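In the two assemblies presented below, chain A is common to both, partnered first by chain B and then by chain C.
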Partner chain A sequence: MSTDVATAPTGPGPARTGAGGSREAATRGAFYGAIAVFAALILYGAISTDGFLTMTNVRAILSSVAFVGMVAVGTALIMISGNLFSLAVGSTAAAAAMIFLALLPHGIVLAFAVTLLMGVVVGAMQGFLVGGIGANTIIVTIGAAGLIQGVALWASHGATILPPKGDTSFDWLNGHIFTFAVPIYILFGTVVVLDQFLRRSRFGRRLKLVGENVEAARAAGIRTAWVVIGAFSIAGGLFAFAGLELGAFNESGSLLIEGTQTYDAIAAAVVGGIAITGGRGSVWQALGGAILIAMISDILLLRGYSEGIQILVKGVVVFAVVVLARLNRMRAES
Partner chain B sequence: MTENATAQPAAGTQPLLSVRHVSKTYGAVRALDDASLELASGEILGLCGHNGAGKSTLVKILTGQVHPDGGEIAMRDAPVELRDPLDAQSKGLAIVDQELALAPDLSVEENLFLGNFDLSLLRRPGAVRRRARDLLSRIGLAVDPRSPLEKLSIGERQLIEIARLVGRDARVLILDEPTATLSENEIERVFAVVRELVREGRSTIFVSHRLDEVLDLCDRVTVLRDGRIVASRSTADIAHRQELIKMMIGRELPPPQRSEAAGVAVGAGAAIAGLRVPPAVADFSLNVEGGQIVGLTGQIGSGTSQVLRALAGLEPDARGGFTLDGGAVRLGAPAAALRAGVAFASNDRKGEGLFLEKTVEDNLVATRLDSLSRLGFIRGGALRETARRLVDFVKVDGDRIGDTVEHFSGGNQQKIFLGRCLDREDVKLLLLDEPTRGVDVAGRAEIHQLIRQAALAGVAVLFASTELDEILDLSDRVVTMFGGRIVASLAREETNAALISADMTMSHERKEVAL
Partner chain C sequence: MPDILRFRGPALRPFLTLAVFAIAFALLPQYATGEVGTANIANVLTSFAGIGLVALALGLTMIIGEYDLSVSSTYLLGGMLAVKTGGDSPVLGAAIAVAAGLLVGFVQGVVIAKLRMSSIPVTLGGFIALLGLVYVLSNSKSVNYSDLKVTLGLNEPVLTVFTERSLIAIGIFLVLAGVFAFTWLGRDVRAIGSDRKAARTSGVRVDRIVIGTFMSSAAISCFSGALLAYSLAYATPNRTVAPLVFATTAALLGGVSLSGGRGNPLGIGCGVLCLAILNEALAVTGSAAYVTYLVTGGLLLIVTIVDAPHLLRWWRTTKAAENLRAGFSGRPPAEAATGGAR
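Then we have the complex of A and B:
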């Protein structure tokens, strides 16, 4: 290709002049904004709240992030694919906790494999309905949530699933390495691997193209259904993994552990700045959003605010981020 | 260069609209630089210029979408401030946009009064219908006001849009590329209505890349280049569009070169037999040889777009035979068509073409991800190299390869879009739907050159266009469709504009024309 170099206009390799690249300006603005928010929050926590900057508290924050972060990353994938988010996050996770604990007598390897497979298959089926036949994501995932809850309740006869007495095969999931809980390492490992995968793989590129403009992607010969199925499958696997960890942590599994996970996952992805319209964002952003929300909740908790106030503040943060993101876009475009 | 830049409208009359020393800067780009023009009442003014010359900015300022940095706008010599589009409309400045602002599900009369706040809150159906009939008769459209808008052709909808603005007493109608999606006789109808309206003392600004139409319709033409008004002349003084082109680009345009590729490859190419795409295409059979450029033309709704879309795999209901270099291609599967060697560029560049928020590089390689990856992972070096080669090939500024496509002009966007389909060893059939829609003269010449180059390399090219000039410039063979069928298939040498027009409308005067 040396001839190309001769005819190429002057200019170094991967030129990024930034001139006119207002999207990049917006991205840069959002990035510095996020760092500023983190710094301000840490500073505020340290000054105002006793016990915020202690190792114990950092460990506590990260422990809650370990679960929420995992489902937020899954939600991020669905959002990037241009299909909003799943409302079956909590149901999938709860069912996964139950399956994992129920299958432990057959060995942890089998329990692990079947649980994750369940998440992937359930996700793939939703992905097929959304990407393959064009059904609405909200309806499909609400339906899936109902189905999963129904089957879980029916199969467990409403009972809480407990691990076999004396079984210690899953204790390592609750262990600590260098003071931090194992799920935190699993989460960071997942984020690093997934981020690299999305950057370097053909799937990752297609995911972003499909997310931005599914019609154009189809016309460009991309099998859009498979891309959407892929995104939902990975997301389903991650939801199931979070549920599995939660089941091991609680040493019990029932539909109740669903909690506010669905909401938290969406909130974290949105607060992380992933475009709800699809096509843009990284899994790191979802993790960032999860950490931010966990920090805010933690400060409120340490200062003794009730759970109602904590949830309210989370809602306010989501709104604030949506408005700020919009303003940032408008500024960059004008 | 500023030839006669202050040419006045008909002397003695007070101008209806005056634009005085208006400027607008976006970041480092001076989109409009000290622009002044006047519009007399009853005048039709053409506005011409390259993509990026400042036409859109001027139009946006006149319709209140953008606020100028300096200068003033006056109506009948009284300065006005246009706060927003609604404000501009209330002051008599209204635009018929390229993308029509109508609701296809509503009825004709509901559309006519869409957003009209003069109507009393309690609707009086009788009065509304009378007003609707009155408006429709003024534009010479004999449709039932109650029928849904989607039953109307694109051209008729354009007339409805005009009637809607007339109903709100627009004094200055701005038509922004109104004819881009219309067939020849629909264009004539729109023009007739415009001429009728200016007779009532209204004025029109006609923004278009189609220079022959500008010369045909307008009294005067104002040419913008690089944000400045470089000429403003009576169309009676302009003998040929070449003169206008020279003003627009500041130099002569090289004459188009005819493709010499016919016969380069024998036997290779596409064979289409009995293609049906209900309800648009009834029966379509055609062979396109490798190296041949076939132009497909017809009125809107004649089925040309659907033929291309079907061959690209985007029409699930398409049936019929389609082989490429002898191998059968499955219809209804875009990915399969792509693998077989079909490259398609839709006429809907923004909706079904480019990824506007992605970079030039991302867009150029979007169809090539398979060949640029190994075991599912992208080969970064190969990808960058390919993108760089393509960006040079389509002559887009290589330094901007990392910019998002939304910031490029229409012509450059179209080149980037085509770059995705061109210069690929595996492409055997190139399908282009309106390859130069919304592209200026210079960009158009470059795009035509790229298409010819592809044909020279042995690719079979099938393109659809409603612009006869383009069909005649580019085609080795001209295929005309009407009502979902081929009505004429003639070598370029055997046909001409009059003949094609007659075929497009199935006019019985065809024989006379041929003589």
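Then we have the complex of A and C:
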């Protein structure tokens, strides 16, 4: 991770290697901590919960990872770019589900293309406001969420969108290959491709640099606005893709479909160990966080806890992880 | 001279904005169907009482350069606690709500101040956890409040346009405005918002004030939720971030800046009134639900764009880049024509 920054032509100079080294140690500490939590949780879940280690349950966990992972990866990109997270995840996904199902009569290719394009454009516009003119991410994304919901209500007249009767063109999205649902393969493919892209492309290196120190990146001649717009555009596309899959899975689309996706996405990225301050993290970590969050939800569900407890636990986990990461970093820096 | 009396520039802006909104609303009947009268003023004050205090709570944290995402959850939590515990004594229910707010604010404030953390990740955890707590407390259902006397009393009209609850909300605004204008606290709070390091160096007890601000913010937000729940006779768990959208827009319209160090309770009050007038205008003209979403979301984006620190820089660097590109091609756009002719 640090080698990426070091090989970048505009990486921090030798004067910062000291700080970089301790940060590296802090990151590694957090990483091993996360692995330990992960292992402990699997153990606890397996031992204490009936029905956890069954094939049906593993399939169920992976099915929810397919959705949560997709939005978590998008959130990771925004977080790595140093712009916290989006609170428009759920709204974008819900709108995508509605657009996809509404456009199915015109053919699935067109429905796919327009839905993803909507996500990318909506993301790019938010990216411009955040990266271009320095507006606050949280506020821009809640404003955007409000606008998206308004447009969705207006266009749908408040009705739930259903796919055309007898349409089977999207059934493959709900199919299974080797017992696992298709979206999980799509997610793994996305993660592999995005990871390679971020490692090998100039964009990937710049993304980390901008997240690490936006002023330094600007001083180095990087057009930081475009990097942030890029991160938000890809994220928007991923949010839309997750919504599309959700719409196909539920065979209905409305604003209610968003559920707790926004919180799950952020929780997964944070739990995966992506620095909320930006500059560090990989999409694999977001996937790992998504698996962890899905497992937590699953264990609580199997044990019959209410939705409220599930949300509460996720909130406490987010709180604990950000505080621990900060303590870890302070210890490394002192 | 107290800060509040030095009306100039930015301090005056919220009042001017409010004047524009009020005049526009008064002129509404000439451009759309609907009537404007004292009933509308009463409605505006009612929505002011309903959600104005949340804007005040969030605005306080914005003035010190932070952002308390958890207000939308503490708002729900306060209402739920009040309805659940205030059956016999509404004052007790409200007190429990406020106490819960103080506790939440204390935990978040200590973490933010002592660990020098940004408030957004911390309050995000609080926001999600408390939302879960509200669902747990309510069993994911609306909870009714049975003491109708309290509900009727709070909604009883006073002097035609006021109600008991709008007077309570206005009172809290005025008390805080007084604190800001006439004590050292207002000055110190703004100093922390503009430059925390400098404030610390010059002897401001930064940590205490940051913790205190988060405690007051969460307590006000909880109390506001309790007030609303009593006056509606129910509390309901709700996942929407609508209170956050409203509160942020109101605070920004009210002269608070996201970068911190600017704003005061009176300005925030003006911002809330602007939005309350806007809501009333939407109601008078019989607008559909989606219009409200579009208008509030759009307005939030507009005030955010105006508040954005690099708006001018984007414009200038784009211009500069265009000139640079023109320079590299050897022919600035203005001379291109003559160059071609030669």
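Basically, the second predicted complex is superposed on the first by the 313 of 334 C-alpha atoms of A that agree within 3 Å, B and C clash if a C-alpha of one lies under 4 Å from a C-alpha of the other, contacts with A are read in each partner's own complex, and residues count from 1 in each chain.
Rule of thumb we're sticking to: a residue touches a chain if its C-beta (ideal position, glycine included) is under 8 Å from a C-beta of that chain, and two chains touch if they have at least 3 such contacts.
Only a predicted model underlies this, so the values are computations on that prediction, with no experimental measurement involved.
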First (chain B), second (chain C), both or neither touched by A:Gly279: first
Going by the contact rule set out at the top, does A:Arg205 touch chain B (first), chain C (second), both, or neither? first
Using the touch definition from the top, say if A:Gly221 reaches chain B (first), chain C (second), both or neither. first
Should A:Met55 be classified as contacting the first partner (chain B), the second (chain C), both, or neither? neither
Touch check for A:Asn213: first (chain B), second (chain C), both, or neither? first
Contacts for A:Arg326 in the overlay, against chain B (first) and chain C (second): which applies, first, second, both or neither? second
Have a look and say if chain B or chain C is in touch with more residues of chain A. C
With touch defined as at the start, can you tell me which chain B residues reach chain A in the complex? 27-28, 312-314, 334-335, 337-339, 344, 346, 351-358, 362, 366-367, 369-370, 373, 376-378, 380, 384-385, 388-389, 392, 397-404, 406-407, 420
Given the complex with chain C, which residues does chain A contribute to the contact? 84-85, 87, 129, 132-136, 138-140, 142-151, 153-154, 158, 225, 260, 263, 266-267, 270, 276-277, 306-316, 318-320, 322-323, 326-327, 330
Residue ranges of chain A touching chain B (in the complex, touch as defined): 1, 4, 7-9, 11, 13-17, 19-24, 200-203, 205-206, 208-209, 212-213, 215-223, 279-280
Given the complex, residues on chain C that touch chain A span 67, 69, 111, 115, 117-118, 120-122, 124-140, 237, 239, 241-242, 244-245, 248, 252, 258, 288-294, 296-298, 300-301, 304-305, 307-311, 313-314
